[in-house]
Amino acid sequence: MLKVGIVGGTGYTGVELLRLLAQHPEADVQVITSRSEAGMPVAQMFPNLRGRFDLAFSVPDTRQLGQCDVVFFATPHGVAQAMMAELLATGTRAIDLSADFRIRDIALWEKWYGQQHASPDLAQEAVYGLAEVNREAIRSARLVACAGCYPTAVQLGFLPLLEAGLVKPDSLIANAASGVSGAGRQAKLDMLFAEVSGSYKAYASAGHRHLPEIEQGLRLMQPAGAAQLELTFVPHLVPMVRGIHATLYADLLDTSVDLQALYERRYAGEYFVDVLPAGSHPETRTVSGSNHCRIAIVRPQGRNKVVVMSVIDNLTKGASGQAVQIMNIMQGLPEQTGLENLAMLP
Amino acid sequence: MLKVGIVGGTGYTGVELLRLLAQHPEADVQVITSRSEAGMPVAQMFPNLRGRFDLAFSVPDTRQLGQCDVVFFATPHGVAQAMMAELLATGTRAIDLSADFRIRDIALWEKWYGQQHASPDLAQEAVYGLAEVNREAIRSARLVACAGCYPTAVQLGFLPLLEAGLVKPDSLIANAASGVSGAGRQAKLDMLFAEVSGSYKAYASAGHRHLPEIEQGLRLMQPAGAAQLELTFVPHLVPMVRGIHATLYADLLDTSVDLQALYERRYAGEYFVDVLPAGSHPETRTVSGSNHCRIAIVRPQGRNKVVVMSVIDNLTKGASGQAVQIMNIMQGLPEQTGLENLAMLP
Amino acid sequence: MLKVGIVGGTGYTGVELLRLLAQHPEADVQVITSRSEAGMPVAQMFPNLRGRFDLAFSVPDTRQLGQCDVVFFATPHGVAQAMMAELLATGTRAIDLSADFRIRDIALWEKWYGQQHASPDLAQEAVYGLAEVNREAIRSARLVACAGCYPTAVQLGFLPLLEAGLVKPDSLIANAASGVSGAGRQAKLDMLFAEVSGSYKAYASAGHRHLPEIEQGLRLMQPAGAAQLELTFVPHLVPMVRGIHATLYADLLDTSVDLQALYERRYAGEYFVDVLPAGSHPETRTVSGSNHCRIAIVRPQGRNKVVVMSVIDNLTKGASGQAVQIMNIMQGLPEQTGLENLAMLP
Amino acid sequence: MLKVGIVGGTGYTGVELLRLLAQHPEADVQVITSRSEAGMPVAQMFPNLRGRFDLAFSVPDTRQLGQCDVVFFATPHGVAQAMMAELLATGTRAIDLSADFRIRDIALWEKWYGQQHASPDLAQEAVYGLAEVNREAIRSARLVACAGCYPTAVQLGFLPLLEAGLVKPDSLIANAASGVSGAGRQAKLDMLFAEVSGSYKAYASAGHRHLPEIEQGLRLMQPAGAAQLELTFVPHLVPMVRGIHATLYADLLDTSVDLQALYERRYAGEYFVDVLPAGSHPETRTVSGSNHCRIAIVRPQGRNKVVVMSVIDNLTKGASGQAVQIMNIMQGLPEQTGLENLAMLP
């Protein structure tokens, strides 16, 4: 039984971690921290957990966390980088769901996040946590920086095309749409039901913090010598709670390739990536609460633009489910352990 | 491993059964029937099941169904009563999710359902499937008629009050609200998203088919000699997919009883009934996809009316989860086997 | 052209007033105040108003407001009572949408609102603003305290029954359901889309601030000499933006009366109250953005309980539309002036 | 007072026409037809219209319709083309909201709509109904074919860029998202609330019927001699009732132009097109029920791709509001007559 700690469990990725770990046969959550809610039973804050967790939030304590086999950070950016060196010194291993260690280029991180990075060395050591790309490095990592929600959907969608060098590097567009849980469990006026319901909008079109993370990841997929790609990324807000749908566009350099076969081949061994039959359209609800990514590919009107549709649950494959998948890999467990729940339909 | 058959799997209770049974360690779905969709793979109709079921719908065949240990009926009323005698003759056991065998008084059934009952004898034999009331009889039943969705929420809410003889028999009101999945997977104009979204209404206020079922159940809870109770039942439609919330009202005959303690005591041993702390309000989302019923009790302003709030997921504890709970009891398995999924929050 | 001022225009009742007054042929909004947003153009905060209002929010100034013919208060409770005496001294007339002047019994107000009342004399002078009950007094009032949202739906629903003395005074129940805009435009965690969507719950079941207001109003409708009535009031939160649905229950003292005819007769001359044909169920969407109240009556199973269903838009007939209706009455305009918009469907 | 007829009033564009015309000071609806619902009062089918229309649906009769000044067709494709010649012969004028007369190339129409065109000559005569492009021709037209919903949002969004010849002709992408009312008032399984709520998906990515209409319109905007443009168009379904959001992408040929100024200049005189300040993101709710199109332009990261966001209400500016705007132009009325309603917020 793995001893598990969670730093910062009061947000949506925190309660999603608890839900998944409650159903994980090999994990035992021993510590969950929150400075502001110390003493409050987790099942009082999140009544869906009633009867399954006696645990209460506690003040973070590196020594106590250090006795865990693995520690998840479900914190806003800035927190993990401040605690990480001390925590890793205890010998435990860490999985960070925040943006702290995702970007290698520290100057770039500091530009987009508007603060100095407190732990640039660990940012170099950290393994980027997208199992379908980085499985081997994750196995032995001390510190894994889980891929973000949009970055997961976009990277899994473009991966086969980029590895095969099939698209014009400056033509990439990711038109993405997310449910509101992506904005976190914070009292923001523009996330009120009365503001979001019955409406749809783009946001951060001039530049979203996930752009540098996605571009970094996509560029690593390009064949050696390819011109560095550029991505146009426009996120949108959908009046739903969970789910990301990325609609990806690129100009094909070669229209003779069987794209459906390419995708099916690339993802044949991936338990959590499901390439739909030709002609399908993935729906976000089919992955709600599950750790799957579903993908479809189409070439409209037989022209030279390819369209890829990729859906995930932003809190599961886009955050806490991905983190559990990574824990399974790090601990040598079958990758789907505790992650076999199906989405509800309807 | 139990061999399981499902008759009529194309509706919402059918796909919910499949979702739950896919996660049940002791059940193996071997047959799922649909006349209209015979040949279609279930995972094509319900993509949340992709990768977990190779099964296709088949034409119902009593001999094939008879080889199962247990057969669920997830059909509109009228279907199970037509097939049941022949099916039970094979020696299998049946769990009917429809309304066919819920009402003992055949004339009453025929009045509310507007057709002749095809199997009145089996309606007498059938055990009413609400485990918290009828557990022992279910254990050895050949045929169980699962309680309906509204009836489950209302009966569990009133049960401790009625057993204790605490309320005026003609004062009972059930003001209930349901998500739209209760209307089933049928192309009805008034269930379109554009008709339901952003609106709320009562329906069937003059008389809903669940009224006689609920009154039958509640009357059986009354102490011997009590005046026969009458229920006023008004259902409402909520713009959400899953969930029932019953707000129950009654006049107290005795205001000296500690109602919170009464409810906690009555449900102390019930895994699936969760009495919330005093002052709480149950939310339907905390039971979404789970088999729990959550209940709170209040006496507003210390007056003589008691208010009980009871929530379930209409497709889980109100239908398919209840059916799996009943299967577990019939087969001597721990009652919660395969039913330990937690609701997602958010 | 009436000169109109609005105190506190940054909330949902404020923007609803602006929407309605923009379409009112006899009203010209000259001042709209907000301490926190002084200087911000209203159309920047509320883009639906773009092109129709050049106005910006300004710091409240009694002298400037006093130059208006009528001043609306769309403020939290406590604000109007602090400014009202000084404002009325200028000779203008005021319509308060808050709870400050709705309750005559000052001790009762202070108990429910948890603060000392700053202007008890004006609370005695204020006319309660429910035109269908108080039209004559409104005509000449200096200060009108608009009825609250739940109180409007519940009082219009019970009115004909109470005036006729047809129901048992201690049997009244109001099971009400509201869209989330009733909670106002404030950044509250439990009003986030991710918290509200797909769920339904009761709240404040032990006692809601609208209870004393409703009971005061209902008691004034009782025939002289009747036993003082008591109401059980349980509000619920619906995942929709606008709309209140009150489902009202009472025990009939006389079941020989034609209730449908009673209601039609009582409301025959009321432009904004629409009694539906027998057998109907009002939907909140049919009054969304309109100033109508739609009502249906039923006696389920011919038993002795009557059920009334009453719907309004909480921001229109339950707040800003009602306030404009009252302005029209005070100013001698046809009551429906500027209030003839129809609800959208779908 | 204009005498108005409506053919096919039982759908969502029909009831939206009625809502708008009820509030139009110069229009009087005299006939509304429906074969299937002949005799049913319109206010019984659409209770939001209660008290405002005594009219009942009648069987279509060309002679009776011919006595109107203007006749709207709110019918599925195929209906208007069958009746139009006979109707126009009466001397009335017609505004068709369906797709029957939008495409000049009859072979193209027949390919996408899968049937033979019954009135190819009138398809040549018909004026395309997008006032911001075609105002002069509309003034004197006998027959106007209103632009479709997606086509309106996409064409108004691209118009200034194309007229100025600023974008690469084969680089155009329209990633559009629509509320479900676009699917019409028809009992379709996949438009049920339980199927749509909480989910998001693309559809018809391989080819949607609005593609040829949009490409025809966009090509007419190109400067003489420009290479014929190609559009990649992917529509998506949003869990909301009304609203279209088009996110448009193109490669700029010239990055030195002030795009914000270009758009503001082009639309300076257009009452119904609102160019938002730089840095804004239009929300669909700000145009809900109104006839406005709101547009924002951005060049992400200062790169060479331009992104335009364009929102309309699919039933208003995308259908019935546009039709009333066109009626106003044809009849010499101020263009905004009867169309000054503001969107509700929230």
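Quick notes
Every chain is named by a letter (A, B, C and D) in the order it is written, and numbering of its residues begins at 1.
Keep this in mind: contacts are C-beta pairs under 8 Å (C-beta built on N, C-alpha and C of every residue); 3 or more make two chains touch, one makes a residue touch a chain.
A quick note: this is a predicted structure, and the numbers were derived from the prediction, not measured.
Between A-B and B-C, more contacting C-beta pairs join the chains of B-C. Subunit B and subunit D have Cα centroids lying 46 Å from one another.
Per-chain Cα centroids separate subunit B from subunit C by 39 Å.
If each chain is reduced to the centroid of its CA atoms, subunit A and subunit B end up 37 Å from each other.
Residue positions 12, 179, 181, 185, 194-195, 197-198, 239-242, 282-283, 285, 288, 346 of subunit B each touch two or more of the other chains.
Interchain contacts join each chain to each other chain, per the touch definition above. Of all the residues in subunit B, the ones that touch subunit C in their complex are 173, 175, 177, 179, 194-195, 197-203, 205-207, 211, 230, 232-234, 236, 238-243, 245, 247, 249, 279, 281-285, 288, 296, 298, 300-301, 303, 305, 307, 309, 311, 346. Listed in rising order, the residues of subunit C touching subunit A in the complex are 12, 179-181, 183, 185-189, 191-198, 239-241. Interface of subunit D with subunit C (complex): residues 12, 15-16, 19, 22-23, 46-52, 181, 185, 197-198, 241-242, 274, 276, 282-283, 285-290, 294, 340-346.
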